[in-house]
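Got some structures for you, see below.
Both complexes shown next keep chain A, but they swap its partner, so chain B is in the first and chain C is in the second.
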Partner chain A sequence: MQQKVIEIIAEIKEEPGLLQTLSGASDLTLDAALDSLQIINFILRVEDEFNIEVDFDTFDLEHLKSVDRFSAYVAGLAV
Partner chain B sequence: MMRNAVHCGSLESERYWREEDLASLPAIPDAKALAIVQAMDEMLFVFCGSGDVLLTRQGMNRAQYDYLQALGYAFSTNMDTLRLETVESVPAQAALNIFELLGRMDAGQEPDRLIPEGALLEPFAVLPGTQEAVSRYKLLPTLPDEEIVRAVNTKSYSTAMRDRLGLPNIAVVVDSLEELLQSGQALLEKGAFLIKDEYGVSGKGNQLVDSERMLRRMAGHLESSRNQGKRIRFVLEPLLDRETDFSCQFQIDPEGRVTLLSAQQLVNKGFAFGESRSPQPSLLDKLDKEGYWETMHSIGRELHADGYYGEVCVDSMLLRDGSLAPLVEINARKSMSLIKHHVDRRFKQEGMHTCLIQVPLAAMGKVHYEELLERMEETGILFSLGAGEGVMPLTSSALQPLDPSRAAGSTKGKLYAALTYRSEDSKRGLIHTLDESLMRTGYTILR
Partner chain C sequence: MNNTVTILCSGFGLGFYVPGLLLERKLTGLGLQAEIEVFETLMPERKKEQTDNSRRAYQQSFAVALTSQKIPSDIRSSLDPAAVEHLLQQWKQEERQHFIVLSGHWVHVMDQYRELAGVSVYADLLYIDADLSPSWKNLRKLNPAYAEGYHEVSMYDPGKQEIMCSIDAGSGEALPAAARNGRLVVHGGGWGIGTFREKFDALESAGYELDIAAYSIEEIGGPVRGRRYYMNDPQWRTWTKDDSGQYTFPPFAEVTGNRTERFPPCQSYGEGMYGVIRQASAVISKPGGGALIDSLASGTPLVLLDPFGPHEKINSDLWVGLGYGITYGEWAESGYDDDVLRKLANNLRAARGQYPDYAASYAEQLSTAGGRS
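Right, the complex of A and B next:
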C-alpha cells in the first residue's frame, strides 16, 4: 500500500521525481509539500483506490505525519 | 484637514463572513495555514501614507520595519503580538479576527498608544467586529454595513450580478441536496464542473466534480452535514477552459463614483507557486476592445446601489477559445492584486518589470528573519531605493508565524515578495539567489 500511496502523491503533485524521493517516513505536508487543496484531492483519490470513505469532519492531521502512518490509517478503514 | 489612517485587517476575510450554519465541502482544518494567513496582515504597510498607523496581529519584525523605513515608508506600528490578557485559551484567541481582538483588548496596551483619536480606519475588509473596534478606539467610520459586505461577497451574489448586467451566465445556485444531484447530473453530461462554496477562495472551497462517483461522494459528505442541521447552498459552474486568470481593482467612493485602479494577471507555475504581474499588452488591448472596463464600471454602480462602497477586486478569466469571462467573482475588499498595484505605484521604474511572488516555507527551530535580510543584502538582491533590480520582502513574521498549537518541531510559513527586474533571465537569477538565501538562513522551500 505504501508504494501506491506514494504513486498517488506523485500524481497529485504532478512530480514523478517524488517516486524516488519519498519513503514510508516522509511527511505528507512537509516532504511531499501537499497543500490543503491537494490533501483533499489526494484523500479522494485514495478513497477511490482502496474503496474506503474518510470522514472529513473527524480526520486527524496526525495521519499525514508519514506515508506509513497514513497507510496504516487507510488499512484500518479498509477492514 | 488630512487625517491619518489606521490600517489593519484579516486577509482571510471569507472565513469570518461565512455563516456557521452553512454546510462545507470536504476540508481539513489546518491551524498552521491559518497562522500563516493571519501573519500576512503585515503586507498592509503598502497602503500606509506618512504618519499612518499599521496594526498587525503578530507584530512586525524590527529589521523589516527598519528596512521599510529606509525605503521611505513612514508609519508607526506595533512590535509586540496583539493578545488578550484575560483569555487563557490560545485557540480561542486565534479564532478571532483582528477587529474582534482589538475590540476586546484591555485599555492601556500598545494599540491605545498608537491609535490617534479621530483617525480613519482603513480595513482590508469590513468584518464582524469592525464597528466595535471603530467605537472602542474612537475612529472615524466611513464604512459600509457589515451585512451588506457579507452579502455582496457571496458567490450567489456574483452569479446574480451576471444576470443583472446581461452577461452570459452558466452558473446554477443550488439550495438542497436534490438540486445539487439533479443539476450536477445535467452538468456532468457536458463535462466536469465545480461546486463552489458561497465564501470559497482560491485553493479552498471549490471542488472539482468529474464523475458521477465524485458527485455522489460530495452529496454523501453534505448529507451528513445537512443531518446535523447545516444549510445547503452552493454555486455549480461548468469548468471553464482557462487560458489566463486576471483581476481588476477599483474603488467606489461613498457617493458612488467608481475609479478603476489596475488590472493584474495571475500566473500559476505548478501548484504552490503563484505570482501576479502586470497584464500583457495584448490582453489589455483585448479588454479595451471588448468593453471590459465598462462592465467593471457597471459592477461598481450596481454594488453601490446595493449599499457597498470601498475597494473591489473582480476576478476574471481569458478562455482558450479567446473569449472573456469578465465576471468570475466579486471580492468586495482589498486584495493581493491591490497590494501589488500599490507597490508598483510607489516603485515602478521605466523599462522595468514587476511581479509579486510567494514562497511556501518550513523551518525547524527558531530562524532569524534579520539574517535573511542581511544575506539578501550581501548577495546584492535586496531591493533598495535607486538600486534598479531587486527583491523586496513584504512579510517578515509570516515566514515563521506563531504556532497556535505551540507544538515543537517544524513551522510552516510563507514569504511574499515584490520583484523588480529587467528581463526574464534576471528574474530567474533573482529567484535563484533568493532561494539560496532562504535555505542558507535555515528555511526549507516547499515547492
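Right, the complex of A and C next:
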C-alpha cells in the first residue's frame, strides 16, 4: 500500500521524481508539499483506489505526518 | 465600559457573513452600537488567494467540496499573528465586552482576548446550522471543551424539530402566494456549489420559469425563454470594506452574459438575491444555514438539493420535518406539483412571528443587564 500511496502523491503533484524521493517516513504536507486542495484530490483518489471512505471523525491531521501513518489509517478502514 | 456589540463573521461563504450583517443592521436599528469583523482580514494575502482557489475548485466539483469537509484542519496556521495582535490590542484599548461569534474559527482569537482583556467578556456562540458546521467541528476536535465560558445559542433544535430563534432579513412581511411571480430561484449558496446546475432543464420542462444565480459570466449560456440570471459582483470579497469603511451586502445585478456588466452596491439585503427570493414560489438549493434563514424570513419554501456535508443533511431533515421544505427527489416524484409548494408556503406563512428574533432578544437582554458591565 505504501508504494501505491506514493504513486498517488506523485500523480497528484505531477512530479514523477517523488517516486524516488518519498518514503514511508515522508510527511505529506512538508516533504510531499501537498497543499490543501491537493490533499483533497489525494483523498478522493485514495478513496477510489482502495474503495474506502475517509471520515472526519476518525481522520486526523496526524495521519498526514507520514506515508506510513496514512497507509495504516487507510488499511484500518479497508478491514 | 464599551457596549459595542462585535459580530464575528467568516467570509469563506456568505452563510457566515450575511447573517452577521443582518444582525448588525438589526441591532443598530434597535439603538445599539454594532460592528462586524470578518475572519479573513486576519489571514495573509496568500491564504486569501487559497480561499479563492478553493472556491473555484468547489464550484467545479461537488465531490471536491464534500471531501474538503472530511479533512480536519487547524485554522490557526492560517492566521497572520501581527493582524491578530493588532485586533486584540484595539479591542483591549476599547474595552470591548460583547461579542456574537458566527464561526468556530474566531474562538481561537476570542480565547486569547478573554485572557488579555482585563474586563469581563460576554460572547454568544451562535450556531446558524442545525448541527455543527465544519469550523465548529474542527474547533471541537482541537478543544472538546471550547464552549466553556461562552454562551451557546442554537437557532434550531433538530431533536425536538424546533426553531429556537430567527434572524430578521429586513425586507418586511413575507408576501402571500397571490403576490408572488410563480418563478423558481435556483442557486448554489454563496459559493455556487452543489447539484443545482443539473436541474435547470427538468424544472423548465415542468413549465417553471427560473431565476438562476450565476457565479461567473462564462456560465451564462444563450437566451432561454423565461430564464433570468442574477449574479453577485465576482470581484467583490466579503473581507473588503466599501469606500465608507463599511462591510456591505454583495453588489448585485441581473446579468445577460455581457462582459461589461455593472454591479451596483446593495444598501439592503432585499436589493440583492433575497429580493428575488421573496417574490418566488420556491428556492431550489442545497440546505445551507443561509438558505434556511432566507426561507423563514421570506416565507419561501425550499426544494432541497444534496447537502454539503452532514450538518446540511440535518438542516434538510429539519426543514422537511417542519413542513417548510421538500427534497428535490420527492418533489420530482410529485410531478413538480406547484400545489405542494403552495402548501409549504402556507406552513411558513402560518408560522409568521412564531419564532423569537435573535437580535431583538439579544438587545433586550443587554438592556436588562444594564449593559452587563
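Details
One rule holds for everything that comes next: the second predicted complex is superposed on the first by the 76 of 79 C-alpha atoms of A that agree within 3 Å, B and C clash if a C-alpha of one lies under 4 Å from a C-alpha of the other, contacts with A are read in each partner's own complex, and residues count from 1 in each chain.
The criterion applied here is as follows: a contact is a pair of C-beta atoms (placed from the backbone, for glycine too) under 8 Å apart; a residue touches a chain by one contact, two chains touch by 3 or more.
Computed from a predicted structure; not experimentally measured.
Superposition of the two structures on chain A leads chain B and chain C into a clash. When both complexes are overlaid on chain A, the residue A:Asp48 reaches chain B alone and has no touch with chain C. In the superposition on chain A, contact is made by A:Glu14 with chain B only, not with chain C.
Taking chain A as the reference chain, the count of touched residues is higher for B when chain B and chain C are set side by side. By the touch criterion defined above, A:Leu30 lies against chain B but remains apart from chain C after alignment on the C-alpha atoms of chain A. In the superposed model, A:Phe59 lies in contact with both chain B and chain C.
By the document's definition of touching, both partners, chain B and chain C, reach A:Ile40. Residues 35-37, 39-41, 43-44, 47, 56, 59, 61 of chain A lie at the contact with chain B in one complex and at the contact with chain C in the other. Those residues of chain B that touch chain A in the shared complex are 26-30, 33, 203-204, 207-208, 213-214, 217, 220-221, 224-225, 270-272, 360, 362, 410, 412, 444, 446-447. Note for the complex: chain A touches chain C at residues 35-37, 39-41, 43-44, 47, 54-56, 59-61.
Listing the residues of chain A that touch chain B in their complex gives 13-14, 29-30, 33, 35-41, 43-44, 47-48, 53, 56-57, 59, 61. Per the touch definition, chain C reaches chain A in the complex via residues 50, 53-54, 57, 63-64, 67-74, 137, 141.
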